[in-house]
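Next, two complexes with chain A in common: one pairs it with chain B, the other with chain C.
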Partner chain A sequence: MSRLTSRFNWLGFSTFFGFIVLWELLIRLKLISFDYVPPPSEVFVAARDLILNGEMQLNLQHTLTAALVGWIIASVVGVILGVLLAVLRPMWTYSMASVDALRSLPIVAFVPVAVLLFGFSLQMEIVLSFYGALWPVLLNTFAGMRDVEPRLLEVGRVMRLSKASRIWKLQLPSATSHIVVGMRLGLAISLVLTLVAEMVGNPAGLGFALVQAAQALQPAQMFAYIVAIGVSGIILNAGLIRVARLLFSGQMASSGESK
Partner chain B sequence: MRGLLPLVLLLLIWQMFGQADSPYFPPPSTWVTGVQPLLADGVLLTALGWTSLTFLLGLVLATILGATLGTLVGSNRTMDRAFGPSLEFLRVLPAASLVPLAALILGYTMQMKLAVVVLPATWPILLSCRSARRSMSPVLLDVPKTLGLSRRDRVRKVLVPALTPAVLLGIRVAGPLALIITLLVEIVTRINGLGALMGTAQANFLSAQVYGLLVIAGALGFVVNWLVTRAESAVVLRMSGRVEG
Partner chain C sequence: MNEDMSIDQSPHDGGDSGSISLECDDLKVTLVGAAGPVDILRDVNFSVAKGEFVSILGASGSGKTTLLRVLGGLQAAAGGKVRCNGVRVSGPPAGVVTVFQDYANSLLPWRNIRRNVGLGIEASMSKDDCYSRVDEALALVNLQDRWNEYPWRLSGGMQQRVQIARALAMKPSILLMDEPFGALDAMTRASLQDELQHVQGLTGTTIVFVTHDVEEAVYLSDRVLVLQKTPAAVGLELATALPRPRDQMSTKESPDYLRLRHKVYEALGHRVGH
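After this line comes the complex of A and B, so read on.
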């Protein structure tokens, strides 16, 4: 396998574009036709128009702001709480069952509660996004803190490190890859909850735009928005992994996460 | 058991200090009375029935689809590379973004609900089967050739037992996910089911009912989680027992 083929998945991407071309042809040749399934060319035009009149950017900005702000706060709080739970044994024995109980609650069921409490506002979206992302980060941090290589802990004891040093220098770095996984999960959840909140309550953002386009019978616009959402998700995820590898290359490498 | 302390404490404090007529935080005692109107005419039960039906049917379809596609994609390196990016793109699309589109194309029907539930729930099973198929021992794959087994027997006697643990692992993740998506569709479209009840209660500012329904949703989630974990460990235990023996 030449270096070029192994680097970039030409076959995969051409298959992907092949599907799109096939879709276009099938509809143009009237071989398949559904009421609300536009050909890719129409989707492209709709996307271009949305970008030109600024609607796409406006909605993207609203949704991403709500999701990211909630997610960042949740990540910070989640890591702190996760570390505390792992380090302070009494806190752990007296709350793990509660955390488990709350965790099995389908997160999406909180959307009506959030709308009830905070009304139709950006604040509501941020609170929801925060709550959704909190659990994966917290639980993964907790798991990562407890999953430290025993040899490392022995090293800490041999070097007579204080408890605080052990946490900061051994456990937390070791938990980094777990935390990153938790943050990635949290990001996906934040995004979904923000979208649902916009479809159900807050008349702003991508979720609301989707619902509006549906009511206006504009499937091309809807496809354009969906693609935008998908691409944003991919970019954010990839960005997070890049940053994590950059900042924490050592820790990520040791847990097998590096390139 | 001790771990439930914070939760119990929270509920107790809420009960003591909450005012029954508070629009935002009615105390837990009011939740039961809040849900009561739904018990009449079996509204709640019907709703639970719809949610459970969608969830179960969606999970079954997702299992079949995910196992088949995953095994196919995992068996052939070229197909894997070819379909990889397309599948990956479909995978990262949040299910929520598909709901309005599905509602437009398929209408407010059971098919639409199932379509939205099956797609995201397929991925954990698909990925699990794919990686299990890829790492299957070549020796094991040669056995049917050596024994001259028919295609059907090859699938039934070699592939299925080898991949079942992977399928179960996928179901372990897909189960709760399917429940979440089911509720999601119901909350957004208000077709039927528990989610629709929650959405309606919220729109009518019946906060006690919203909290009561939240508890019911939580119980449902807990049951699903428990079932899926038990099923998985029971069958995995049986399978590893068989290998030993």
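After this line comes the complex of A and C, so read on.
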């Protein structure tokens, strides 16, 4: 517990809190006046109301389910494909041009395509979340597998490890920190794409709630949803790092990701 | 094994059985550089007896490391033959382990010491057998208490000991060492030299030791080979015949040691007054 409190960035937190207070003051003292910028206190009240009537939880659950399911599938598929691309030379030769072409297309361009193919459904959101997260996971896994220290591969040969155990015991562990970076990037993209899918496609979840609040001229509700999205992104990212450190303590520590 | 016995011409005191552990026959090695293929080694002939300690010396860039990589099956020869326990080398042979100079890159940073040392044997035996072999190997290099550390928490000397223990855990018949103490300070180096002598006394492993340190080569070896010219070949072959066990003070003060050291420096092109 004392380790947690000593690690907490009090100075950073007070700066952040200072900005909130400043925002409140600027609006209350009429120093700035936009019609639809509510003070933080009103946002807080709106958030409390949304939580009390259950809408916040419902929307949050819908969006996070879509984003996380797509992201988890993308992580599994991305790691497998990244490893295969790095290990099987012919596979790389045949597919790298296509991979480069597909991943450089702006992903948002696929949103109407997915709507057309899968309709206004949760499935469509999951597909988009999957597609967005797939590329960073795949490419970071590939780069990590290729980035293994050449001396370690020689050690593997000297110890007469089989090709499979060279991949499993040398390459994959040294790619771990790359893979985690890819998964973090993918998680951020998954959340964005899920929200976009809800704004322009499936009328559900936080994305749709955000648009609805804007159209109903409810700025306090809108900001409450924005805060909810931000906070859930931060929590998911922190959770991912914690899980990675727990599962791969040696790999993460050796690549300077400890503490 | 039966043909080509004539190339074993050297007198040595270490190989009492006389049987050959490693042999190079008209070895030629070509590496492709920026300016096309370059011959690094040509007409290299020597053999190493079972249990012998042979050092390979040479100026910087003379091809010592390349020669060791060929012996260890990490680099292909362009001509000639390399045999290891009578079998032609193509790829790292069983029973031969190379210890590299850069211990930090050679150890798995995500595994603790015990699992690093077990890397080469864990697939072929039960966990208990593996760990008892590992503990045995760690005891040989005086690291039995540090098994649960990660390698990057240890000093350079200890990390190199871990790499040596990992090689010993495989119970190799031949140990190839590429400037293993080159990156260590003088005191650590001296104590590791003595540990290595002690380990060889216990295990009887054949050791081929590449170094650029003349004192280290003479102090440790039964025989010293000096690579000369470009492309390099064995220029000087010198049996040391210093009594064992050797120690850092009396051996290094003995007239025989000083005479051998003088000869090796001469073979490397040093002259008095320069």
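Just so we're on the same page, the second predicted complex is superposed on the first by the 251 of 259 C-alpha atoms of A that agree within 3 Å, B and C clash if a C-alpha of one lies under 4 Å from a C-alpha of the other, contacts with A are read in each partner's own complex, and residues count from 1 in each chain.
Note that in this section a contact is a pair of C-beta atoms (placed from the backbone, for glycine too) under 8 Å apart; a residue touches a chain by one contact, two chains touch by 3 or more.
Remember, predicted model here, so these are calculated numbers, not experimental data.
Contact with chain B, but none with chain C, is seen for A:229 once the two complexes are overlaid on the shared chain. Judged by the touch definition given at the top, the superposed model places A:142 against neither chain B nor chain C.
Touch criterion met: A:106 reaches chain B, while chain C stays clear of it. In the superposed model, A:71 makes contact with neither chain B nor chain C.
Taking chain B and chain C in turn and counting the residues of chain A each one touches, the greater count comes from B.
In the superposition on chain A, A:248 contacts chain C only, with no contact to chain B.
In the superposition on chain A, A:130 makes contact with neither chain B nor chain C. By the touch criterion stated above, chain B contacts chain A in their complex at residues 1-7, 24, 78, 81-86, 89, 92-101, 103-105, 176, 179-180, 183-184, 187-188, 195, 198-199, 201-202, 205, 207, 210-211, 213-214, 217-218, 220-222, 224-225. Within the complex formed with chain A, the chain C residues making contact are 72-74, 91-92, 94, 96-98, 100, 102, 105-106, 108-112, 119-120, 123, 150, 152, 166, 170. Here chain A touches chain C in the complex through residues 149, 151-152, 154-155, 157-162, 165, 169-170, 173-174, 176, 248, 250-251, 253-255, going by the rule given at the top. Chain A meets chain B in the complex at residues 9, 11-13, 15-16, 19, 34-37, 93-102, 104-113, 115-117, 188, 191-192, 195-196, 199-200, 206-207, 210-211, 213-214, 217, 219, 222-223, 225-226, 229-230, 233-234, 237.
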